[in-house]
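The letters A, B and C name the chains in turn, as written, and every chain counts its residues from 1.
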Amino acid sequence: MHKYFQVFKLSLISEFAYRFNFILWRFRNVIQILVVFFFWNSVFSGQNEAVFGYNREKILTYVFGILVLRSIVLSSRAVDVAGEISSGNLTNFLIKPLGYFRYWFTRDVASKVLNLGFSVLEIALLYFLIKPPIYVQSDFLTIVGFLISLSIAVVLFFLVLFLVNSVSFWMPENAWAAQFLFIVIILEFFSGGIFPLDVLPSSLVSLFSYLPFYYLLFFPLQVYLGKVSYILMFKGIFISLLWLLILWFCLSKVWKMGVREYSAEGR
Amino acid sequence: MERVILIDKLVKEFVVNTKEPGFFAGIRSVFRPKKKRVLALDNISFSVDEGELVGFIGPNGAGKTTTLKILSGLLYPTSGLVQVLGFDPWEKNHKYLKNISLVMGQKNQLWWDLPAVETFELNRAIYEIPNRDYKRSLDELVSLLEVGGLLNVPVRRLSLGQRMRLELVASLLHRPRVLFLDEPTIGLDVLGQTKIREFLVDYNRRSGATMILTSHNMDDILNVVKRVIVINKGRLVFDGPFHLLVESFARKKVVKIYLSDSADIKKFEQYGKVVKVDFPEVVISVPRETVALTSAEILQNFPVADINIEEEPLEEVIKKVFKGGKVKDA
Amino acid sequence: MIKRIKRCFRIWLILGKMSLSLHLMRRFGFVVFFLGKMFRFFFFVLFLFFIFKRTGGVASYSASQAIFFFVVFHFISSLSQMFFRGIYTFRQQVVSGGFDLILSKPLSALFRVVFGSFDFIDLVTLPFFVFALYSSGSLLSPSLLDITFFLALLINSLVLSFSFSVLVVSLSLITLEVDHIVMIYRDLETMARFPVDIYGKGIGTILTYVIPLGIMITFPAKAFMGILDIKFVVLSFVFGLSSLFLSLKFWRFALKKYASASS
């Protein structure tokens, strides 16, 4: 365990080494959130009734919730893995007595801690600047459900990201394209990172609810906002756990095949 | 002979923002940068005639690259006169730029992922080279540099040496009258260096182009140029024929003796400095003037199997050049 | 003058051919990027459609107007990225010293740097945006004058976008933190997906005149709908021309600064 703690520490330090980049990256996050915030603010300024099951308070909480959940779920250093594989750097890890997944998960956690810290600060700052109404969940069981679904989301994202990174084993020069398509585009929309999914017709939403992306941001936030009943909450947790197992299984298979391919090529 | 390059009392001063460590110092430096003046070129004067091939040497940071950049119009001189082919380089008159070329050993103009011939076509359009001239130049350069089979290979698949030769083709297609070469052999293996060197000498003779060549590599200077200009810390230290440089700085010769039998090594000290003793080899360094006498005495007094008299290694000479002040103009 | 333009155009074509061959070499990435861009576009339109259908309009704009604003945003941002792609790779050229070689050639360095790489992915997506522009625009039944103003303002937007590229390129000569400036601009640019007045008076004004997104994107779209006062049309052109002038001046300043900096 000690060595992973060292990895954690070093990760934090190296993030600080690029602090200027980091701060600008956070700045960009805030801007992105502000764009969405002002949009919804003006959608709801004309009317007081709920739309799509959101009132003004809940939709604005959704927007800020996305800022926090992004930093918990989507902050990651493991995006570099694709590059490690295609550049041949992976070899340095394969010969070390270190769990590769555990290593990157630790680095992810360091990144998440840092980003979470900053996003909390940003929210506090924005809260004082624009004084949005924020919905606070008080039901104990719901909060527990939220935390569970959030933990599942973290692991799910790690698995999805690593699966996408594995493309590098077979197409090293196209790894970035796969990352772009899956992480930047598809994941953003299907996870509710840009718009809450329930804006769409309910038939589409229920279709999406069988995809793993749904459980990264959208579902945990729905739970937090109290928009799902206990039964639906348990159903969602069950489906996401199922996905977790499926992806875990796939990843371990794909990774083994990938490493074999990698060694065969002698990169 | 026409004077092609004329530099008179050239001074170049850089203003450098000093960076302090720490985040807040970094922020502060954005608003109120601490500035420091650095004198890169200090009152340099020289001129180059048409068709000359001049070696420009000096240690790192001496100001070689700065001079070449000023000559090719990239840098703005602080004061002094700079004239090449009758133009002020800084004005970047296209008529001027069409007549020069800048080759930098570590920087490439060839497009990395494309075959070199694509970049050649681009240069043809940029320099407005007429079709027939383009074909003739290309054929000539390709055969001189032996790159015939490489034109249609993506540049990234070529070795550094091959790439450098193609860079030269790209830079010479428009038949520049003046050529600035900044470390053209850097990073190449011995064979690659030799090819480029031979080409440069040959090209200089064929085309009559004026060339200035900077290098770290003494072999470049030794085998290519007749005239050298040495600068150190922004000052001109020497300007003249290469053999004069050696004569005026290499005051000593190196005598290598191979003994056939054991002898009292200490006795060698009376002739000069003993540089190395590794029986049967003894190396001593002897003043230039007395070398003939000394070797005769050694042959007489010691059991000598073989004796060799050599010049000091060039690197040593150059080191002395950098240490000493201005010696003499040729 | 004509001769110079002709020569620049010829060089532009050659550069375009070169970047096309680069694109063709990375066909897989090309397809993926194309699909990604299209997916993002259609999904966004889908969202906007359902949001506006349910809420019956936002800040006095109807659903079809909102979608038109969005399409105009994509169209203009795509056009400027297609032509002025060079700003994304320029910093790298400065750092590696490749820019020195560009500078020593008898061709305007600014031209080479800003127009130097043409983005064919955007060219392929363009027909879709033109179609989207046509189909969402025909719902708004513009007059011929509206369309004329729209097209003129579109050109003005490209002038503004060019000025912005010149600004970025010049900044890259002075400081190395330019990548972030570009990315932050791109984030801010997304605010113009919606008409900038929905952000309220304060932010709306900043977005119109300081980051000129309003002038670049919202104004042309509004002119198309016939809801832009003529004085704003005039103002847009004044703004476009003066930013062009200022940015070119800044480029010359930056070049001189670069020339006196240490290597």
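Everything below uses one rule, namely that a residue touches a chain if its C-beta (ideal position, glycine included) is under 8 Å from a C-beta of that chain, and two chains touch if they have at least 3 such contacts.
Values in this document were obtained by computation on a predicted structure and should not be read as measured data.
Undergrad: Which one of the chains is farthest from subunit B, going by Cα centres?
TA: A
Undergrad: Which chain is the middle one, judged by CA centres?
TA: The chain sitting closest to the overall C-alpha centre is C.
Undergrad: Which integer distance in Å separates the CA centroid of subunit A from that of subunit C?
TA: So the centroids are 30 Å from each other.
Undergrad: Whole-Å distance, subunit B centre to subunit C centre, using C-alpha means?
TA: Distance between chain centres, rounded to whole Å: 46 Å.
Undergrad: With chain centres taken as the means of their Cα atoms, state the distance from subunit A to subunit B in Å.
TA: Measuring from centre to centre gives 55 Å for this pair.
Undergrad: Residues touching two or more other chains, restricted to subunit C: which are they?
TA: Correct list: empty.
Undergrad: So which bits of subunit A are touching at least two other chains?
TA: Touching at least two other chains: 20.
Undergrad: Would you tell me which residues of subunit B are touching subunit C in their complex?
TA: Against subunit C, the touching part of subunit B is residues 14-16, 38, 40, 65-66, 69, 72-76, 78, 90, 92, 94-95, 97-98, 100-102, 104, 106-109, 111, 113-114, 118, 121-123, 125-128.
Undergrad: Going by the contact rule at the top, pick out the subunit A residues touching subunit C in the complex.
TA: So the residues of subunit A touching subunit C come out as 20-21, 24, 27-28, 31-32, 35, 38-39, 42-43, 45-47, 51-52, 171, 173-174, 176-178, 180-181, 184-186, 189, 194-195, 199-201.
Undergrad: Enumerate the contact residues on subunit C facing subunit A in the complex.
TA: Residue positions touching the partner: 26, 28-29, 32-33, 35-36, 39-40, 43-44, 46-47, 50-51, 54-55, 58-59, 177, 180, 183-184, 187-188, 190-191, 193-194, 198-200, 203.
Undergrad: How about subunit C: which of its residues touch subunit B in the complex?
TA: 7, 10-11, 14-15, 17-18, 21-22, 25, 96-98, 100-107, 256, 259-263
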